[in-house]
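Okay, so chain A shows up in both of these, paired with chain B first and chain C after.
Showing the complex of A and B:
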């Protein structure tokens, strides 16, 4: 059964500024990705950057439960997320979680900024989540960020976006299975999607954007 | 003794698209920058257009003007999930110790968007004569209960066939005595009236006697015969 904390983290109504994020969809559409390709875009993310983020979050959670510093896992995530623009966007999104965490529990990290997966992991730690729950949340949030942003950027029947999320379920299951046991930063998946990352890299200079990233 | 605040007052500027929110902020910055430590946060529906306009106007150090994207959710960003705006304001306060007033511009949307009192201490709702003389009568939480209602661009009234004085009068009637100012940037008296209101509100905030309140969601209303 999902814990209450896991449900909160999986709920877009949690006040962390999630509505400002498109999980790379707006940059992709601005570059010319066809809306018909969005289901494939979702799975491509699950196979690449979401795997990295989910693995990062799980290893971060283990380090937090062990009372160990997060620096090695921050380094591992940075090595797998080369664009400084994409890094900054993730750190900015992470601040929403850190601010919520700080307001709720007084949590203050020695690292002034954490990428989003580790900011989520820190809340997951406070709320006693399991590694599998956390990995599931990282996948779910990414898929749903794309789906809800699609309704703003290239409107369609919202039922269609639910069907995309359902169809991505098997790939999300594979991510959870693959990363839930990780405890070493070196073992975090290192799959990359350079073209998608380049699209996101350019988003900082986009002149008419609705979403931060 | 009322408790005195330890941070800058946050003043929200809401109102429909094109009514002059950015211009009002530009005006306030140019008039108040010598007297106050100011910061600005803009919430554009599309990117950082408003922030760029204000930066290029040269009325304030560009670094004191921060833009927040709202993911096409301008209501959410100022009302139910204020996270990104709060972070932008807190960053300004961290970067500029001694900041006294932060102006937060909503992404211009429609008549129903108002700020949460968790985000701003006071708010101005801006209408303009070009939007039509009947807008005030249509009402809404911002028109009825924002701390100040501005009827902007009164100098245009003759060209759009609107009676600006009557619009101000109807606004006053709809607001149970809360203040209304008819503003034209060409009318120095009206500009001073707005600046005076901001300074008086800030003084009350600094003295710990100002209370932030919610103009409310769309009010229930009835049509009587």
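Showing the complex of A and C:
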């Protein structure tokens, strides 16, 4: 059974600023991604950056349960996230989770800023989530960020976006299976999508944008 | 399958000159020139390579205070391997205050080629590494073979860059993975150079930078200009 904490973390109504995130869709569409390619775009992300984030979150959760510092996993995530624009956007998104966490529990990290997957992992730790639940949340949130942003960026039937999320289910399952047992920062997946990284990097200078990232 | 290892090791001697140790594998290292603490090496193919089943290994080491400049004499074509995978491993060490610049020429994947490449680099504090990496999927008129690239660069004992590229036909057809046939990259480790104003330079979180261009024709890459600027800042004595 899903825990209450897992459902809260998977819910976009959690006040952490999720509405500012398009999971890379706005930069992709601005650069010329065809709306018809959005389902493939979701799979691309699950194969690459979402695997990195889910693996990072799982290893971070294990370190938190062990009472160990997060620095090695922060370093590992940074090495897998070469663009400073993408790094900054993730840290800004992480701030929303840290702020909520701090208000709820007085949580404070030794590191003032954490990338989003580790900020989510810290809340998951407070709410006693399992590694598999956390990995599932990271996948779900990314897929749903693309789907809900698509409704704002390119007019379409909301039912279509649900069908994209359902179709990506097998790939999300593979991510969860692959990362749920990780405990070493060096083993975090490092799969990259270079074109997408350049799109997201350029978003730092985009003059007309609805979403932060 | 045993690797045929090409090895270049530069170390400082007591009188301040550079001593070079060389070993020939599928590529043969040749000293082009030597001046002060800088030594320039050319890598020359000793036969047709990269063929299916080849295991090419390159070990480069610039020790304490030396400057090692490596040039490829020509690009490398990976030929159709008849289902046999070719392996290419690079192992790079840059010692304290050492410099290593590898002016690598393009790796071209023919139709039917399958290449696994691994690059591992360790850069000590105050060492600097500059790498060029140009991958071309397909010779003229081809869609190109399959490539996986695993890159791990460490600086001062911490991970600086970790990247796995899976460029099989299915994956690179996914939106946002590659989108063109040439991926051109310059990576600086140990310092963070700025690029020309119109080039895309990613500032790594650690001391390093990566400039990247994805184009259909290699000569349109922005990285030529970036490379000239970054390489000029190294090993000034040459």
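Some points to look at:
By definition in this document, the second predicted complex is superposed on the first by the 213 of 213 C-alpha atoms of A that agree within 3 Å, B and C clash if a C-alpha of one lies under 4 Å from a C-alpha of the other, contacts with A are read in each partner's own complex, and residues count from 1 in each chain.
Note that a contact is a pair of C-beta atoms (placed from the backbone, for glycine too) under 8 Å apart; a residue touches a chain by one contact, two chains touch by 3 or more.
All values reported here derive from a predicted model rather than from experimental measurement.
Taken together through their common chain A, the two structures put chain B and chain C side by side without a clash.
Touch criterion met: A:207 reaches chain B, while chain C stays clear of it.
When both complexes are overlaid on chain A, the residue A:44 reaches chain C alone and has no touch with chain B. Of the two partner chains, chain C is the only one touched by A:28; chain B is not.
Contact with chain B, but none with chain C, is seen for A:99 once the two complexes are overlaid on the shared chain. Contacts of A:158 after superposition: neither chain B nor chain C is touched.
Of the two partner chains placed by superposition, A:69 touches none, neither chain B nor chain C. Which of chain B and chain C touches more residues of chain A: that partner is C.
Rounded to the nearest 10, the superposed model shows the Cα centres of chain B and chain C diverging by 120 degrees about the centre of chain A.
When the two structures are aligned on the shared chain, A:4 is found in touch with neither chain B nor chain C. With both structures placed on the common chain, the touch criterion links A:195 to chain C but leaves chain B unconnected. This overlay, made by fitting chain A, leaves chain B and chain C with a least C-alpha separation of 22 Å. Put simply, chain A touches chain B in their complex at residues 13, 15-22, 95-96, 99-100, 149, 152, 206-212. Across the complex, chain A meets chain C through its residues 24, 28, 33, 37, 40-41, 43-45, 47-48, 75-76, 78-84, 87, 185-186, 188-199, 201-202.
Residue ranges on chain B touching chain A, taken from their complex, read 45-47, 68-73, 76-77, 80-84, 86-87, 90. Of all the residues in chain C, the ones that touch chain A in their complex are 150, 153, 158-166, 171, 174-180, 183, 200, 202-206, 210, 212, 214.
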